[in-house]
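What follows is one structure encoded as structure tokens, with my remarks underneath.
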Amino acid sequence: MYYIIDILGLISFAISGALVAFNKRMDVFGVLIIAFVTSVGGGTLTDLLIGNTPVGWMKNIIYVYIILGSAVFAIIFRSKINYLRTSLFLFDTIGIGLYTLLGIEKGLNANLHPLICIALGTMTASFGGVIRDILCNEIPIIFRKEVYATACILGGITFFALRKFNVPESIILIVSGAVVIVVRLLAVKFKIALPNIYSKDT
Amino acid sequence: MYYIIDILGLISFAISGALVAFNKRMDVFGVLIIAFVTSVGGGTLTDLLIGNTPVGWMKNIIYVYIILGSAVFAIIFRSKINYLRTSLFLFDTIGIGLYTLLGIEKGLNANLHPLICIALGTMTASFGGVIRDILCNEIPIIFRKEVYATACILGGITFFALRKFNVPESIILIVSGAVVIVVRLLAVKFKIALPNIYSKDT
Amino acid sequence: MYYIIDILGLISFAISGALVAFNKRMDVFGVLIIAFVTSVGGGTLTDLLIGNTPVGWMKNIIYVYIILGSAVFAIIFRSKINYLRTSLFLFDTIGIGLYTLLGIEKGLNANLHPLICIALGTMTASFGGVIRDILCNEIPIIFRKEVYATACILGGITFFALRKFNVPESIILIVSGAVVIVVRLLAVKFKIALPNIYSKDT
């Protein structure tokens, strides 16, 4: 189950990367690279910072196949992929939820402070998108519009709050993953954004 | 003393990051991230290149509190912070001086060549600003206008020159840190820049 | 022989980095940094991902001298360097061929899957240019125009194909390095590009 969602996350991040690369009119190779980077970027950064090398995807060749397959799929069906946007957004959000948990667990395994673990979870979930935007020469969208990192952080706080009360591991994972997903879905549905700090000084 | 200046460096880098993020009209989360990255970016790169993982700030949760606190302070007082620019510039310059020394020491601990140590010192002092500018989608200012890295390099050369003559450690640190600070202050005061190499071929 | 081509690769990457920095009208320091990053960027990323730290150039001070010397040379003779563009392009292409092989060997030494090794070879050959373009605030050219990575990938495939048939190591190196070089030269000469995937949906 865990593994299946992980794969779904990889797929949806790869496809979302490919879509951005299309908009920049990159060639086939560029699309593959951007898809790849969007999928594995967050986990790679986390692995590097912890010192967990060679980094994850190098040890799981199946990841590489899945990402390349998803990108090729996106290239072939690029004209129809707009119909899939809603399900993509859902996959993407599920992926974010799971990647947050993966990052937190990596931090716990390295005996790091809860705050650092939450930061790692947020990085794992969001850095792929950040590096995608840097490579495409845009201000990373995470810094401007989306309730993205906030969802990860709330999920991470939930994780450690439940942990204090000795809630069983499996329930912690399900609940805190769900918090990430629900916060993001609600935020997007109701167009909730962080408070605007520029109102007075515009 | 050493520790106090380190903290001052962290604070001023965090605030300088927040100021740049304000100019880009980022949301609260973006401001926090940019402040954080500006503060720890240089040290993190150095730690990664040396293989000193988990990287420094992960092992010192107090750093995280200080950075987030400074960024929140900058957000709250953003309309008044312009009055502080002069003292900020001073903190920033002191921070650069100290970060240069920290980077050199990391290199020495890893038994690296003096030139590499100077490069690490310069990176530690300047990479936070570079990554801040990349994330904000600008050509890093270090590559265009400021006598910034040059001050670090001169400080590093002073460090190793004094070391050749068996000057005591504490005096080396004070003198070479002071070189970085004085060079930068004088350069900014008298608008000294590196020789322009484009005069003939414009 | 191997070592000589390595040095030639370093030199030509350093000069190509310096040329791009000139176009952006960076100061002397910026030119040195960009030259340095273009030369060692690919190998550094590969070393980081594998966990091979301190990274390569830190252990070979001679590399640093060569890169800085090349950049200074480029600065002094910048008005005449346009005459050298053809030979530079040749050096650059040879460099790419060799860096591809270096990256593959690093992957093999870390017991990684052939596909990962090919990815590492491609990274080693191309990431220096990518980071150069990011620092200069451009969409990395590799994602848009050049048959660059494709040449590395074909060379990598040749490497592992020959290896399956127990061809001697030295012949594998020469043939697969030659594939990279010839593919790139032919592609540039005959303006071959990857198939355009945007024709229908423009």
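Should a chain be cited, it is by its letter among A, B and C, assigned in written order, with residues numbered from 1 in that chain.
FYI, a residue touches a chain if its C-beta (ideal position, glycine included) is under 8 Å from a C-beta of that chain, and two chains touch if they have at least 3 such contacts.
This one's a predicted model, so the numbers in the text were calculated from it and none came from an experiment.
> Answer with same or different: of all residue numbers used at the interface between chain A and chain B, are over half used by both copies?
Chain A and chain B contact each other through largely non-matching residue numbers.
> Roughly how far apart in rotation are chain B and chain C when fitted on CA atoms, stated in degrees to the nearest 5?
Here the rotation carrying chain B onto chain C measures out at 120 degrees.
> I'd like the Å distance between the centres of chain A and chain B, where a centre is the mean of that chain's Cα atoms.
One centre to the other, that is 30 Å.
> At least two partner chains per residue is the criterion; list those residues in chain A.
Residues 48, 51, 134, 137.
> What residues on chain A touch chain C, complex-wise?
Contacts found on chain A: 21-22, 24-31, 33-34, 44, 48, 51, 53-55, 58-59, 61, 64, 75, 78-79, 134-137.
> For chain B, which residues are in contact with chain C within the complex?
On the chain B side, the touching residues are 48-51, 110, 112-113, 115-116, 119, 130, 134, 137-140, 142-145, 149-150, 193-198, 200-201.
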